[in-house]
Structures are given as structure tokens and as C-alpha cells.
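Two complexes follow with chain A in common, the first pairing it with chain B and the second with chain C.
Our next item is the complex of A and B:
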């Protein structure tokens, strides 16, 4: 069953990158939506939540059309930098990032909104710069909620199937993630490989969910 | 409340009770031709409603093996049907070949490169080649065996973009996401404005499509009728229009 480790490590790589990208963008957007009032805020929130409710195939189709060789973004990337995203693991990362983005920015927004502004004001009274207030006060206070969102995003990204298959295809060792490998094994009637892959996937997901549960907001450190 | 739920539930199931539905699991390459055959067959058999389930032949076999309620199975190769027969999933004595097809290499319509022989695929401008998954897609199996025989498989496999069925390979080429692809002549004929056929690839054995009633079917009589129908003159005429050859 050694062949099962290749899709596993690839899955972890794709999910890891997607989570890292979401750490940056999801937290930034979550903070923006929690603290700033601007026209179109609700619309922006709704638009950014779309990937969570839209079928992955619809999302995959959007990405294929946009990032494809003849697509506006894909064509530009190819002509200017010679970059091609379709059928690459980077393409899988983009698909996974977009699918899981709502999980991160929603959790981040809720976590930032739950931070008591008095702590930040106290820090400002001590003449601490705005950047330091964010990194030394706000972010540590919101961290648990954000981390729970990131873990959920990681779990969801490792299970991404529809959009990934459409954008990245299924190239063994390059873009064939666990979920795609399971699909192919079942289609080809290779039940023993499928069973093993399914087991690995289930164990990974349970571990991540347990970790996310422990970090869920509403629980105070020290409580079981 | 309970009565309402019961009524809703009955409504949910009623579709299956009223019309005699015949579910045909057929190779993806048959999609367009079979859809055109449906009204002809339904006109000949009032009260019967045809339902199609298209996919890679290998995937369809797995569905039937796991108990999917298909009545007729039409595969794009003999090997998949042989497996179905060996597992007792189809009526072996009623199995018939009903069309033939050819393997071709296609390139995007606006491509500047056109391979004129198999070896051309080794050139650097063919970076990505769409091939059906040999494990479950017959066209991929045909492709692999041809390339293996020509001694080209080790060089071409790294360029392979695997497709879940032949129509996905066709779509990849039509979108120019790959530089070339292996499909059937009948698939290439569906998108003449987006793909062009570069060359016909000779295969060792003719590509023959078998069809057979599924052993577990509850509509065996209608399934038999459909198998006879695809071999009848009017159906063969429609299949020929889509480029399928005589068996």
C-alpha cells in the first residue's frame, strides 16, 4: 500500500498551502469585516461566503474558465510569465484555498468581534502602536477562534474533490490527492486500495476535527 | 401531519411506479447517439421510459457489480464486458456486438502542430496528452496497448493527463488545456469546430462495442427489446450518422 502515501503527502501539501494562504487572507478579511464599516460590507461578506454554498463543480468550472489557457487570468499568466495553473498542484491549492476561504474568514470575523475593545483601548492608552495592538492584543485574544477555523479549513481542503478534479485533474504524484485517488480506485474496482485510502482519510479527518473541537470558541482553557 | 408525510412519501415514489423505466448504462462515447435513439425506442414501445447512465465502461461495471439497478449494459470494449460476464452480471447468451469505432489522435482546432505519426508525440511541443485512465476507461486501454506495442508508452506516460472518461479527454483538447488527446473518431466528430483529427491510430483488434441485458434486471423483456433495437436498421442508421461503423 506504499502508493497510498504519495496521495496522502500530496493532500497534506495542498491542504497545508491552502490553510497558510487563508491564514493571511482570511484573517485580514475577517478583521476588515469585523472592525471597519463601509458601504457594501454585507454584500462583500455574502460574495466571499459563496464558495461554501456553491457546488464545487460550479466553482471548478469558474476556475477552469478563468485560469484556463484561453481564460482571462490564465491567458495573461501564460503570456506574461509562462505560468500554467491547470493540471498542476498549485492549481489544486487555488481550488482548495477558495473553497475553504469562507470557513477561515467567518471564524476570524466572529473571533475579532468577540474581542473586548477595552483591552485594545487600554493598550492604546499605553501608547502602543496600532500594529502592535493588533499583533500583541487583538490577535492573541482572537487566536482560538481563528485556529478552529483554520483547522476546519485544513480538514475541508484535504477532502476537496469536485473543484480540484476539474482544475488540477488527476495526475499520480502531481495532482492526485486522496479524495481523487479514492474515486479512481473505486471506478477501477480496486477495492483494497480504496479501503486503505478511505481509512487513511477518515483517520486524518477525525484527528483534525477532534483538535478543532478542543479549540472551538466558548471553551475556556482548562475546561475539558 | 402523518398523513401529509405519507402523501409526500407516496409522491416521491410514484415516479418509479407509473412508467416502466429502462435504465441503460452505456459507454460515454455513446452519449449523443443513444440520446437520439431514445425517442425512436420509446415510440416503438409505448409506456416505456428510457433512462441513460453514461460513464467510463469500467466505472459502469463497478456500479453494476455493486448492485446499481441497470437493465442494459453497453460497453466500449470487450474486456469490460468479459469481466461483467465472468462475474455473472450480464446475460452472456444475449450479448451482441452492435457498433465499431476507431481510435484517433486529436489536437485543438487552433493548434499549429499536427502529429502525422505516433512518434511525433515525443516532440517537445506535445507537453500534455489527454488519455483515458487505462484502469477504467476503454479508450485509455486501447491507447496504452497501442503505445506499448510501439515502444512509446514509457516516454509518453509522463505527459499523460488522465481523463475519467473519453468525453473528458475530448473536453481537455477542445479547451486547449492539453496539446493532443486520444479519443474515438465519433467523439472527434462531435466538436469539428474545436478539435481536429490529426491521425487515425490502427489497433490490433477492431474496437467493437458489446451490449447485453443485465442479469439482475427486473425488466428483462424490455431490456431484450432494447438490445434487439440497437441492432435494428433504424437504430443502426442513427448510429452510422454519428460515425459508428458496423460491428
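Our next item is the complex of A and C:
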């Protein structure tokens, strides 16, 4: 069972990074979509929601094309910084980030839209700068809804399979996450390892879902 | 001239497009803007506070130009130094009464701590009898306490003028009379000009130096209640 901990820690590392990236970008985009009116807003929302409806393998293929050594982003990264993302755990982070992005920005958008603009107006009249209004009023009031989205994203990122396999492959100890390890174990007929991995994954997911349920919007303090 | 407002704003509502025209020229310390709900009273107050931008006109309070379309002046609400008390008070639900009142005294990216101490905050807590509930959250307060907390939060910032949106509407009758009295005394003490908007004639009788009627988006008549304007 020793070997099961390696994919578990790798999975937590990948999912943790993906969640952290989404905390920044998902919250920013969610706020933008909730509070700013600009042409193409609906189109942007639809495009960013695509990862939720597209098959992960298709997403993985897109990422391979973009991030591969001859791709526009991958080629630039290699020429400028000597960075290669394909078949690395960082590549798995990017795959997991993209796949879970809609979960975060959608719940962030809904959470921001549920904040009564009157609280922000009250803060402005009290001579608080726009940036401070966001960090002192808007974000604290939207926080629980955002956190619920982040937890879902964390759970989904831990279970990511298709796009991760395409971009990062299945290198034991390097890019082989839990879900990929389960697949490999079953393919190799190692039933006891597969059983253990499946159990660990299930317990992790249930814990995260329970936590997310407790934070669901509607229980947000003080919202009418 | 304390209040010199002449603004127009068009609202492109799908059902009924609506043009708000507000003209206030008054030296009244206590100006009441009276009108039925839907007449555009709150919008008028938001325009004065800088929370809503009019299409045309000017807003001057106590000689300071806050908005002037032609001169391209539009001071952001942060710089207008007007206190605004919202109809349902808009106390921050995630902060205690103490933190709410201390809110404007902290300009950085973080809210005041739960145990923050400021002389000004302590003074207002005492004056409004809010010490017992200082560490409670707004949802735990009674209507009157909420109103006092909202007033204290607005006044701590030392505003030039006070804008009140239906401050008594959320309260029961007995409390309303009492708080009207309290606000009148406070205004006299601080000598700070205020506009109060209401649909309640009683507010006018008890409170107004001057009253302006707003109906269907237009200020229609000005009647002098007391002799404040004669001076």
C-alpha cells in the first residue's frame, strides 16, 4: 500500500495548485461578469463555461496543441524560458485548472450578484476607495459562495482524468495522479491497490462535498 | 445657498421610460423631500451623493460644486463628504456595530478589528446608547438601534451634510415619533444641514424647515413650513 500515498500526495498537490490558481482567476472573472457591463459579456461567459461541457479528452487535446513544443504557447515558453509543460505535474495543474475553472467563476459570479450593491454604495459614501470596497465589503459578503465553488473545484480537480492523461501522461511518481493510478492498477490486474486507491478517493470526495454543502449560498450571513 | 440642485436624468426602463427632474434651491437646514413611492426620491438622493450620475445639470451643497455637467465636474462619492443613511440602513452584516461605526475611520484594505478603539466611536456609542450592543451584529439589533447605528456610522466620518432616505419608514409608530425628536435635537446640536426624503406627511409636520414635493419624477412645489427661509 506504500505506493498508494505517492499518487495521493501528487493528486493533492495538483488539485491544491489548481484551486489556488482558480481562487485568483475565477474570482476575478466572476466579479467582472457580475459587476461590469461590456460587449461580449455573454459570449465570454459561454466560452469560459466550455470546459464544463466538452469531453476532457478534447480539452486535453486542445491543451496539447497549445502547450506542445510546437504550439503557440508551448513554443514561446520553451524559446523564452526553456520551460516544458507537457508530461510534467505543472502540466497536470494547468489541465485541472482549466477543467475546474467554470465551477469557480460560475459560483463566484452568482455569489457576487447576490451581494446587495447598497452595501458597496454605503462604503463608497463612507469614503472607502474602490479597491478597499472590494476587499472589505464585497468579498467578505460573497466569500461563502466562492468557497463552496472552490471546494467543488478541488474535488473535481482531484478526480480529473481525461485532460490530465492527455497533457501530463501517466508517469508513476511524477504525473500519475490517483484517478490515473486507479486506471493503471485495474489494467495491470492489481486489484488490491485499485481497491485501496478507490476507497481513498471516495472518502476524500465525500469529505469535500459535505464541506461544500455546509457553505452553500443561501446560508450566507445577512443576505436578504 | 445650502442646497442648490438642478439635475435631469432619464431612465430607459423597458415598460415606462422615466425622466427625473429635480430642482432644489433652499437655505433650509432641514429640507424634506416629500413624495409618493416611485416618484424618484431615492434616485434624487443618490444623485446628490454621487451614487448615480445625472445626464445634465449641477449639484452644489453649501457652496461646493459636486457635479456640474458643463464644467465637467463629477466628484466621486468618496470625496463628497456627504453622509447617507439608507432606508434599510445598509449596516454591514459581516461586521459588529462597533466595526460598522468605526468603518470610515480605517481607510486601508482591512476592516477595523473587533476590539478596535476610537474616541469618536466611543462617543457615538454612548450618545446613542449602543454600548450594550457594540459587539453584536446588525441582525441582532432592534429597528431603533439599527437606525442609530447607521446614523453613528455616517456621522463618525464628519460629513458636510446628511442625506436620509426614509429613516423612519422601517420603525413602528411610537418609536418613529421618539426618533424624529432625537434626530431633530441632534441636527440642532451638530448644526449640520440635512435632507430627509419621506412619503409621510407627519415627518414634514414634525421636522421640516422647508419641504419640496416630488411627483412623477418632477419637483413640483416648494412650501415654506417654518420661518427658516425668511432669515
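What we mean here is this: the second predicted complex is superposed on the first by the 219 of 224 C-alpha atoms of A that agree within 3 Å, B and C clash if a C-alpha of one lies under 4 Å from a C-alpha of the other, contacts with A are read in each partner's own complex, and residues count from 1 in each chain.
Just so it is clear, a residue touches a chain if its C-beta (ideal position, glycine included) is under 8 Å from a C-beta of that chain, and two chains touch if they have at least 3 such contacts.
The structure presented is a predicted model; accordingly, all values stated were derived computationally and were not measured.
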Joint occupancy of chain A by chain B and chain C, clash or fit: fit
Larger contact residue set on chain A - chain B or chain C: C
First, second, both or neither for A:64, with chain B first and chain C second: first
Touched partner set for A:53, first chain B, second chain C, both or neither: neither
Three-chain overlay, vertex chain A: chain B-chain C angle, C-alpha, nearest 10 degrees: 160
Contacts of A:43 with chain B and chain C, given as first, second, both or neither: neither
Which of chain B and chain C A:137 touches, first, second, both or neither: second
First, second, both or neither for A:119, with chain B first and chain C second: second
Superposed arrangement (fit on chain A Cα atoms) - minimum chain B/chain C Cα distance in Å: 43
Sites on chain A touched by chain B in the complex: 64, 68-70, 86-87, 165, 169-171, 184, 186-190
Touching residues on chain A, where the partner in the complex is chain C: 116, 118-119, 121-129, 131-132, 135-137, 140-141, 221-223
Residue ranges of chain C in contact with chain A within the complex: 46, 49-51, 76-84, 86, 88, 90, 92-94, 103-104, 107-111, 137-139, 153-154, 157
Residues of chain B defined as touching chain A within the complex: 56, 58-59, 61-62, 65, 128, 133, 135-136, 160-162, 164, 172, 175-178
